[in-house]
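There are two complexes below, and they share chain A, which is joined by chain B in the first and by chain C in the second.
Right after this comes the complex of A and B.
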């Protein structure tokens, strides 16, 4: 905990003691988080508070308690909040679109809202982000004519406008096909300027592939902050593969190879120990937290 | 505290100085500059969206149609046409209101609020963008204005337009857009804009509540028809400047309301309060100015112009006929002379008393309740009495009158009007204009008088009217003369031009005989007429005698149904049944 506190005090973007309630629901309950340059993955089950946390970091939501600082700026202060927004790229989890706009017109519009006032520079930016998400040939299409996955890529594209210093992506890979997910990983890993990036996802393999840091949020509280390897290690010695289902295991599921995978404290009969993945670590963690 | 470290500079970044929460002045100024450019950027996008929106297009089309209908049916008098163009702008304003509401409510309607909230451009900046973007409605408004002006001008405009009135139409569109933006800022649902647009029409439905002064968005509504019946503009009325001010105030107030809902800063809110404090009295003042009655001197002048046209009209004599027209109407002169001359050229001898063709303001065409609003009952009674003494109120055997505002500019209606002038001139020539029939009395009927078909024949030859204008209007009608039902003829184009005089009620027999006469060579008929002109004019010379002299058969006249209970057949009607008998015309 001491080590984390130290981390928090020197990180580019940090939050301390964040709490947020919606009526009786505690969406966030005393969360401390430190985000460094590079990509941080945020894992957590439905309702864990990921979207709430990201929206607070994106300055569009306010915590009931705790404080946030981004690049030394305080979002509670109006002028500083604007400064943070000038350096921010945000993809909300649920984004409607102006469906009658064309792709390029929508991006141009967002670019203006991001204060890219020079027309030529705006056109360059729009072209750049369109290329980044592979939508160059749909620039003239109306948004309503895009598929769901293309629309998601457009959402990512708008977040990239203006080369943000702080990139907050809430479930960016939802709806992307495998090829586009790979492309997205590559895109994030090669962003210019090495921005502070945080993304939430339910895809542990996304995290394993691109995130040097991972944070696990459970029931509004932070339960893990570290590297994917460290998260996987949380399940070390507790993941087994077997031919049959074992009822004593915390979690069991059948893989594509028709073999059962178990996470548990006791090896099922005839099972072999396998090396854990990030997903195993996350499932283990959420199980123990749920048991507590 | 750490600052950012590396990373590319962003537009508007440069934040280290802000770390402790104090913004240096230079940065604030720069921030303001960025904000201004953002507003302009947004405004450009919104303006182009608005200018290309289907709603604006629909507004131009619908508004254009309204302008066309309002202008095409009237004499192109600028002092009325400029307000009529404004009525078209009201339609455009309604669609622009709806479009602006859609734009301002777009972010909320499309669930983009979270994303928009994450941008450095604030909600206030966006609202300003929508408001400035209303400039996109100006081209549509100007198209409407320009097209209306071209049509009025092309149809031979009389007078000149008021720039203030025309400008007020453009401001009306902007004001409507600002109202739409204000509605959209608060209510994102598209219906809110539709309701707002419809509410714009409400003042029209309730304008009688304003004691006839016609305030609010459409003061021209009440005065629309009256203005076009006046011989000239009423100086300063309707109060165009007040109207323009009112609309500008509405635009300002709507903008203030829209911004008040989005702007946060204390300074900005202070500015809004000031703007609101300015806008409200401006509107109030403008409304009061519009409610003020037309000044007595102005009305005295108008009443004199109506009661005693000679005091202002320009009279010219051509071919021994006197034409008296209000100033500015001289361009209609050739259009009057041609049919009159066409008749005179075929008349063997004219009556001793020369013909006068004059222009009048028909009292029934003006609603004094509105014109004289705000003046004492005694004064109004006096003015009304004066107006009733206009020249056409007295019977005359040698004059007929055209009502101001009713002379058509072109097309079939103009042909009908030409025929009507020719017919009345011919009635004068055959002495059928009666010196002892008040225009309010039952006209006399030239039953079986040869001069009647002669007059109709003269008018037909003089103007060659379209057959549709000659058709008997309203099916079969009849009057009772000497206890006999006489089928009458009222030409379908008869009301066109609204010509007043002591003209007779023509008969179907007269028309049918005249029509038969047109099948003869003109030369032959002229010769027969010239041979015994005095005889033909005699009231006792009959249709049969004329037919015999020309060697044609008397056309058979369809008989009207007998009047009385139960005899009414659909499509047939009788006039003067039961009732006073009509007189036969005498010499």
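Right after this comes the complex of A and C.
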């Protein structure tokens, strides 16, 4: 057994050789992933298979091939699956709501689904998660009266009910205002019990800010697993800033300071080399993978 | 039931109806028993005087915590009147909480069921009393129940629709959450389906009772309604849930229509049909017992 495989087999939550097709689409194609305690960020373009991967880890979707193990439990067995769900908090990408429920009643309902049967304990849990996402004063609001970002925070709140050991968040920061995003980062980094957390996002700065581990998924395949610094380093020596657009670069875009930023192998005329960010590394990686 | 435990109502209400200082102190310190905590909180929700008296006994942090839990409890509320009555009848509160998310138990759903029933029952009465005519021209004169054809078709289908709405994922906007929760298995499905079945049977049986028709009709509708619902559930262990519900509906609609065209609509709930329904019910029960783990609402293949 090589070192990589050894590492995978000791992780708290892991999956090996996951494949999932929808008709002719290969949503996942032989994915191996190992999740340690702490936060893992999952990056990938639209349609890369992030939601599919997370739903399989969350035991609501079944892979065509491959194995999942969470805390030594196998979701393929009905009894062990329930055991995983007892320790799980899950925010689906498209979480539907019972729109006529009030915020508090919805959380109470989810708490029942999570087998918190004692009424007082439920109220305490609901109060705790509402405070965690800053929705205390909306407890009585109907869900249909919430703004999109508030609804997203409600989704995060329900995932935190019962202090899960495995927290799976599919695009938790989508629709959050800057202040709430900072608050969310703080919330995740200070969770008690250091749960195994995995979140998908399109915002590389979320990853740089709070994820010690990052994984990049492209077209259903794993293309990178490491630290954010290592991902940024993938673009080292290839990120340039210049006054004009450059057609030879892989990617060129105009930054806020009115200067152009390029990722490419050749320096554009009059350009200066800049130190790459996580986003640069991710863009570089998805570009080279797409070119192959 | 909770009221009978010692230390509930008695010690909480002091001479003037408010909890005494000792009680507030033990509540604030978190040493009071569950039942006591409950009744103190119930009182505090409605009494500003005791809320401020309580603040003398607790530090600010604990006070804020208690306050937010109180607010949340008030926001969650006690549920609907039906839920309170059922709780008093001894049904566990958390099971009732799960049912709150079942669309076919909502008032709007039950009102539409009653609306549909009023239309078909009204039609049956109108035909029976000769206000309008119905049936085919060559109808056998005097054969009973010809006016009941629409009702016999629709009644059991309404029950089936209620059960289907209780177990089809498409009717549960938060089905992905339910799928990832431990309380998601067959137990949840069965609790929802059985309560939807009961809720739909009541108006259907009442309509059958009020209709001008044979007196045994309300009873005769029970078995077909049960069999159809069980069939939909049992078929869902092998088919996609929606296909299962549609199949059960077709298996009722086709014979009901054929018999109505033949001017003998009542045969659908008479002797042989009852035997058929009983057999179906037994077979479906066996299938459900053997294959219930396939019905778990998670671990399914989306869509």
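Going forward, the second predicted complex is superposed on the first by the 289 of 292 C-alpha atoms of A that agree within 3 Å, B and C clash if a C-alpha of one lies under 4 Å from a C-alpha of the other, contacts with A are read in each partner's own complex, and residues count from 1 in each chain.
We adopt the following convention: a contact is a pair of C-beta atoms (placed from the backbone, for glycine too) under 8 Å apart; a residue touches a chain by one contact, two chains touch by 3 or more.
Just so we're clear, the structure is a prediction, and the values are computed from it rather than from any experiment.
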Quick check on the chain A-based superposition: chain B and chain C, clash or fit?
clash
Scan A:62 for contacts with chain B and chain C and give back first, second, both or neither.
second
Between chain B (first) and chain C (second), which does A:131 come into contact with in this model arrangement: first, second, both, or neither?
second
Can A:263 be said to touch chain B (first), chain C (second), both, or neither?
neither
Looking at the overlay, does A:139 come into contact with chain B only (first), chain C only (second), both, or neither?
second
Is A:165 touching anything from chain B or chain C once the two structures are fitted on A? First, second, both or neither.
first
First (chain B), second (chain C), both or neither: which does A:85 touch?
both
Examine A:12 and indicate which partner it touches, taking first as chain B and second as chain C; both and neither are also allowed.
first
Tell me which partner A:109 touches in the superposition: chain B (first), chain C (second), both or neither.
both
Report for A:71: first if it touches chain B alone, second if chain C alone, otherwise both or neither.
first
Considering only the listed stretches 9-17, 135-143 or 153-161 of chain C, which one runs into chain B in the superposition?
153-161
Where on chain A do the contacts with chain B and the contacts with chain C coincide?
55, 58-60, 78, 82, 85-86, 88, 90, 92, 94-99, 105, 108-110, 112-115, 117, 158
Per the contact definition, I'd like the list of chain B residues that touch chain A in the complex.
1-8, 10-13, 15-16, 18-19, 21, 23, 31, 34, 37-38, 40-42, 45, 106, 109-112, 114-122, 126, 264-265
Residues of chain A touching chain B in the complex:
10-12, 37, 55, 58-60, 69, 71-74, 77-80, 82-83, 85-88, 90-92, 94-99, 105, 108-110, 112-118, 121, 158, 162-165, 192-195
If you look only at chain C, which of its residues touch chain A in the complex?
34, 37-38, 65, 68-69, 71-73, 75-77, 92-94, 97-98, 100-101, 172-185, 188, 293, 296, 298-302
Considering only the defined contacts, which chain A positions touch chain C in the complex?
55, 58-62, 75, 78, 81-82, 85-86, 88, 90, 92, 94-99, 101-105, 108-110, 112-115, 117, 119-120, 122-124, 126-127, 130-131, 136, 139-140, 158
